[in-house]
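Here's a structure for you.
Naming follows writing order (A, B, C and D), and every chain is counted from residue 1.
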Amino acid sequence: MQEKTKNNNNLKPWQNKMHEVIYEAHTPAGKLFDIVLLIMIIFSVAAVMLESVPSIFKKYGEELIFVEWFITILFTVEYIARLICIQKPLKYVFSFYGIIDLLSLLPSYFGLFFTETHSLTIIRTLRLLRVFRILKLMRFVKETNLLIKSLSASLPKITVFTFFVLCLTFILGTVMYIVEGPESGFKSIPVSIYWAIVTLTTVGYGDIAPITPLGQFIASIIMLTGYAIIAVPTGIVSVEIAKQEISKKIFTRTCPSCTKEGHDSDAIYCKDCGSSLD
Amino acid sequence: MQEKTKNNNNLKPWQNKMHEVIYEAHTPAGKLFDIVLLIMIIFSVAAVMLESVPSIFKKYGEELIFVEWFITILFTVEYIARLICIQKPLKYVFSFYGIIDLLSLLPSYFGLFFTETHSLTIIRTLRLLRVFRILKLMRFVKETNLLIKSLSASLPKITVFTFFVLCLTFILGTVMYIVEGPESGFKSIPVSIYWAIVTLTTVGYGDIAPITPLGQFIASIIMLTGYAIIAVPTGIVSVEIAKQEISKKIFTRTCPSCTKEGHDSDAIYCKDCGSSLD
Amino acid sequence: MQEKTKNNNNLKPWQNKMHEVIYEAHTPAGKLFDIVLLIMIIFSVAAVMLESVPSIFKKYGEELIFVEWFITILFTVEYIARLICIQKPLKYVFSFYGIIDLLSLLPSYFGLFFTETHSLTIIRTLRLLRVFRILKLMRFVKETNLLIKSLSASLPKITVFTFFVLCLTFILGTVMYIVEGPESGFKSIPVSIYWAIVTLTTVGYGDIAPITPLGQFIASIIMLTGYAIIAVPTGIVSVEIAKQEISKKIFTRTCPSCTKEGHDSDAIYCKDCGSSLD
Amino acid sequence: MQEKTKNNNNLKPWQNKMHEVIYEAHTPAGKLFDIVLLIMIIFSVAAVMLESVPSIFKKYGEELIFVEWFITILFTVEYIARLICIQKPLKYVFSFYGIIDLLSLLPSYFGLFFTETHSLTIIRTLRLLRVFRILKLMRFVKETNLLIKSLSASLPKITVFTFFVLCLTFILGTVMYIVEGPESGFKSIPVSIYWAIVTLTTVGYGDIAPITPLGQFIASIIMLTGYAIIAVPTGIVSVEIAKQEISKKIFTRTCPSCTKEGHDSDAIYCKDCGSSLD
């Protein structure tokens, strides 16, 4: 996640210094930068949230708008700083974090252009999209490698599973639409499919619920199915995590004498031939 | 899933050509055929869904009926084509996909016969059964082997588990019917059993909920039981998937003498013929 | 589950014959007996269920009472038959199945004594307890060994876990009672604890739901906790099932030449020394 | 959990005797002390619960207050006894159990000072905090080591996962606030986030539910996501428990030269000092 650009001699010394502060976390200045950024992100998301509460907006509206612009300007400075201290600015611009950083700025500035002449909904929506600033937090997550690896390894299987579940909900939703009919809240097939998903995933809002005996019977079968097949993604992910953990353990040490693999990372002597591992 | 019929010399050249396009996906024409079919299925299911939404049916009713007949005719052509380009058409007719393909056509044609003279409910139900066309999608799923193997290996255990859960809900439903009575919504034992399933599977609609202290106490026990025993199918499937994954990995060594596969990775001699594996 | 009493010479021939039919399933007569018994149980439970539906009871009340007495008499004959064809009848009487079989009879006979002079609730309750007849079905479950072994091995850990969860719901329920108060439905601490269980187990009826911001915040934490700790029983059971499966595989064959254990059940030669396993 | 203080000769004989009874469970007196304590805790928590039920408080209010003071005095005696029979009383005062024991007393005594002159809410809240006495039960849990070890080993990964889930609910909550708006119950972003957590964790109260087609579509995606990602904590915990179980089993071989434990079952030489393990 942190590009290594230390031996880039094309950059001027102040750029290198700046790069160290912004992109690397092991210097005191770099750590301070990260902490300030972290606090800004949390403040910013909290401001978006509080703005939406009518009673709070009435009381502290002006303060929130001030905080909002203060943070927007800080993020703008951060974005420019990130651009000017690396060799390939375009690579950053189109990277995941570059896009997130830009998306964190745009809504506030767009808000200036779309004023009274435009629909209020668009402005409101744009302003609310600032919540995506929360994705800037992803930079601080370090322990995720194993989780992300396991999840992406499980992805193809989970996609197939989700596809099966979707097919099932399409069929079950249609059947329930036939059985229950519009009177019980199953107004159309899309709504019935929505209900089938609510039921199969064991969420169960209760805004729509079967009332005929046959409908309740079919609903029971859907619930038991949902209860049983929740095992499938769990099984997939468990096995993937287990595989990641095992490979982490096994692919660590090889004995230089007998070339036997699979020694614990803390082993000093080979457990098979007894010679030193170092 | 794709029958090998390349060296069938009983078929005429145009039949062989047609077979290649319809049943095999590795030629450009075959790929195009698959993509067109895929799009048709999605369109068809979408049409069934949209027809059921009253506001959409009012506006676009005629267009939807046109789309419907267009797709039905295409599927009819596909069905006939599949029949005439294979050696054993009857085998296809009674295969899983043959039945699905036929079921995708019949509802539309039946709709022509059951007109005003017949009950509208039957026609409506028949027409809605076209949603089973979604099963035609199954042809395109390839990565399912592991999932299907694990699930079918888990099936006997999960059936026993579901049987236990059902017995439990019968007893708990009856007990709750005694405790709560018809006033709280527990109108009859079948309804109470439905409620017990809703609760045990952690769906929890809330259309029926206990109101007496004793009822709430028993409900709490049911919920905690449901929360604990969800572990059982998950454990079963996890272990099955793990076994499939392990066997996939281990079952690679083959005996050079008897060509039997499936030897453990640490085996020195073939466990079937006793000759050295190296 | 099936006592071996073949070489009991204390029993008369007709008793041995009867024992074979009732307690052993491998003869045609034994199989027929099992199937008849299975059907009777299902009919009996169905009758209890249907009796509780007012509309059905009105129409078919007399038929249901007839079915009920027919089955009760059959079960009485079965109970007596089981008693007279074994050497130690008392052992059967106090066994799990003996108690279940007796409990299946008593409610019907008690119903005769507690007539108009007694409270209707007691009679109704007694009659409904016939639903426990469903436990007679347990006799037919054979594949449960692994499941039951895994569950009983997991029991101490799951009990500790449930104890933790209960402590948590007591504390969370009290906190929510303080935060939300009786106006939002949190009428008393027991009700709040009921709500905490409903929430933690992800059932979520919605009959009681927090309405204050602080209450919703605490509820969110409870939900996320419940969502995370559902992993614990699942993990426990998965590992137990895995252990059972592994031990099933490992404890099968030992090489007579090199005494190495762990050969597959289908192995013919030792995979370590190559000598025959038989 | 039980400090070993047998060979503390600084304590007088009666202190040693007292210490044995209070801190050690293997003598008859110690066992009796534990059982009495256990019953007192359960009574005490039951009293707090029953006090909150208006109908019970009206009838048995005085008895409950008597039970309350009786138990408070007993716990006070226990606290003083625990203090005077150990060498380092301060270490106990600031230990987990010391704090819990003190917290179990304070609310009752504070109740005496905050009388009519103070707000009733504070008194009520203080009195209710006595529910934390339930944590005194933790002393009696012994089999938890494995569970606690697995959970604390899983904690960093589960924290990262919960952080991801929270970010997701922030974004999804905001999107749903934009899509559904205040009319459907999505009054503000915090409320929408609360709804997103309710949905993602599959609790599903139904107090807030989407009513627009787009909202129901997004809600369906959230549910399927929640249904799929519940696999992640389960997978993490399963693998941790499996690791604990495996290490428990394997970590039995001890090197005879360096007495280091934890060698693999197939190791021939000690991995730490290189000498033969046999």
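Basically, a residue touches a chain if its C-beta (ideal position, glycine included) is under 8 Å from a C-beta of that chain, and two chains touch if they have at least 3 such contacts.
Note that the structure is predicted; figures quoted are calculated from it, not measured.
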Residue numbers at the chain C-chain D interface: does the shared fraction exceed half, giving same, or fall under half, giving different?
different
Farthest-lying chain, centroid of Cα atoms versus that of chain B
D
Nearest whole angstrom, what separates the Cα centre of chain C from the Cα centre of chain D?
30
In whole angstrom, how far does the Cα centroid of chain A sit from the Cα centroid of chain D?
29
Which residues of chain C are in contact with two or more other chains?
161, 190, 193, 202-206, 226, 230, 234-236, 238-239, 242
Footprint of chain C on chain A - complex, ascending
202-206, 234, 238
Within the complex, which stretch of chain B touches chain A?
45, 48-49, 51-54, 124-125, 128-129, 131-132, 134-135, 137-138, 141, 143-144, 146-147, 150-151, 154, 158, 161-162, 165-166, 190-191, 193-194, 197-198, 200-207, 226, 230, 233-242, 245
Can you name the residues of chain D that touch chain A in the complex?
156-157, 160-161, 163-164, 167, 170-171, 174, 177-178, 187-190, 193, 199, 202-206, 209, 213, 216-217, 219-220, 223-224, 226-228, 230-232, 234-236, 238-239, 242-243, 263-264, 266-276
